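I'd like to ask you about the structure that follows.
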């Protein structure tokens, strides 16, 4: 579904991503792991087009989207839930969800999806008309993911969904991610929390200092001598 | 009509006009951090369009009003496309100076292509009459300014709260990148904001022409300076702040008109600005503003 | 602009002892072109050009003054001609001969109608007045965010202009204030230009200038280092105002006649365009912009007033110079925000050039 070839991202003199190639197949959940500053977010942002890569190709469903604008990549079915959630704090929960569906033209389907997520996350339903900024971190993460799903993406990129959340909530969020996978959604999940990310992962990439260090099945990661400790610290 | 009541109406009418223009500035600033000094020239384009249409034989005031609003909205979109897009992600000062440059260019184009002297426009004079309610006489223009501004602000609030594009504008004022992640086109959001800002300026242009009966190259310039001051005192970038700041400015001005002896009338503007600046000493972030660090601008 | 900081900072830090000398020599080198142009005009040009040159020198001092605040704080100042005007009116009120005052401001308050000071004391007092206004306005402006500060600088301009216009007893209102002693010629103007250029350069390279530029680039980082950005903005605002006030004083002393409209938006447009075109990060930029635009504007003005080309009389084109100024600003901002001279001062460019040539 997604194929990334020789991607590089630079910020001035800093090379954040160097010559990265990866792929995500239909229905797969792929984990992208690595320590802080490894270049994971830069990779995600290059995939959505929020940062311009300095080199490389991004192919979605056989189409080269490297030069397509962010907005049109979303319309093509690729969506990301950014690191730090980035919910619209000054808008209500309901308005956040509505914006997530901004690209859709089927009001009925939108309403159904909305009801589904509100049933799934009762907190969001309770706080429907409140400013989203008043939600707790975990609730905001739920909202952010639900908002991404409102566009009915084919491929969802999740950037550190566990960031800054209590362990119990992290487990709940990954339960939900597993459920999404079971429903057939294709996912690329960026994490520092390897244990959770590997629960449902079909394949794993590990990167550090902008470059890929490992590529294989989750079991391979455990075999790989010290890799887990070296790059993930746990 | 009772003198005090008359002065309150005056203040409300002035304030309404400042609020309209200030809101136009705030809408654009809040989503893209642009301090649009060329806003006055959007009013100018609107007024000169009506002037030219009248010179070419337009007689219907209603068409003139629609033309004024449409011309202003188009001018705003055109300014963005031509001059502001290249500096969209530049520091605030760069955008501010660009807008200042656009303002100078357009003002001087009016001089060059039409005339440096004021030109008479009478097509909208009918809006400015005396209305009599029993023993009371009020200016129809002032009543209309108040009502139209009120309705416009209501429409704006509804748009920003109900429509998807309105939500996107509110969201973009905090976090533009994430709005794009919703698949909403950045250019469309910005063009809409400029169109709204322009339409508000167009309404103001109608009132100015109806009151003055003429157009001149610097038509909108001093009004926009006041609107900027209204924005600053309300809290720059805050929409409610712009509306409140505009009203406050209207009341300060009329208060000074009433309080100042005739021979000091010339100091009205100076004193208005001085009072506002003095208020800023106590609230540097404005009445409804949040403290932002110098040079802050999220992309 | 941000680059300029990275570039000059190591040089200034590396040799603390030599920094002052380096900066002083840099300022002198930067002012060389001004001296050369001035001397050429002084010795060879007809009177008309001398008069133009005097105007250009006044603009130069204003633009350098503007650079001191804008270039270092990166906040747009759209009110600096208020200080130019106050300087000019200050010396006009203090130094105009009594006989003339009887005609122009016979009823001036505070005994100004019967006061006649020598030009130097007048100038010092006028600068004092400018300094006080700058201090008071600077207290407000330095506390505001960048955008609000710019708007307030505009409000200041309007307040001061309105006082000039309406306080007719003291400023003579809309009419020209004449009879100011004409004591300044090109030589004085050149000396003052050099002084001001060196001063601006010393400020830019000083610890204050460096810290101010750092805080303009990254407010949070600077605050974390304990830099008091407000105080530095205030310092640069006052210095900038004093330089602008000096320009006004010199203008009054060479022209002999002033009026409020000279110190209003037209001056803001002209000098701002000059600074932007030349490049506001450097003093060299200020100078470059003045030279280029003074020549360019003179050319455009000659077209504007209706030229005869090949026997055909073209009509007057009022507004042409304004369009040109605006276009210069817009194009610069879009394509070269750092202006002609970019981030290097003249002496830095020269030393780079010679280093490469070796």
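Details
By letter and in written order, the chains are A, B and C; residue numbering begins at 1 in each of them.
Methods note: a contact is a pair of C-beta atoms (placed from the backbone, for glycine too) under 8 Å apart; a residue touches a chain by one contact, two chains touch by 3 or more.
Computed from a predicted structure; not experimentally measured.
Among the remaining chains, the Cα-based centre furthest from that of chain A is the centre of C. Comparing chain C-alpha centroids with the centroid of the full set of protein C-alpha atoms picks out B as the closest.
Sorting all chain pairs by how many C-beta pairs they have in contact places B-C at the top. A separation of 31 Å divides the Cα centre of chain B from that of chain C. Per-chain Cα centroids separate chain A from chain C by 53 Å. The centroid of the Cα atoms in chain A and the matching centroid in chain B are 42 Å apart.
Partner chain A is touched in their complex by these residues of chain B: 164, 167-168, 170-171, 173-175, 177-186. The touching residues of chain B, when paired with chain C in their complex, are 29, 35, 83, 86-87, 90-98, 100-112, 116, 217, 225, 228-229, 231-232, 236, 264, 266-267, 269-270, 273-274, 276-277, 280-281, 284-286, 292-296. Residue ranges on chain C touching chain B, taken from their complex, read 74-76, 78, 137, 139-140, 143-148, 150-152, 154-156, 158-159, 162-163, 165-166, 215-216, 219-220, 229, 269, 272-273, 276, 317-323, 325-330, 333-335, 337. Contact residues of chain A toward chain B in the complex are 48, 50, 69-72, 74-75, 79-80, 82, 86, 88-91, 95, 98-100, 102-103, 147-148, 151.
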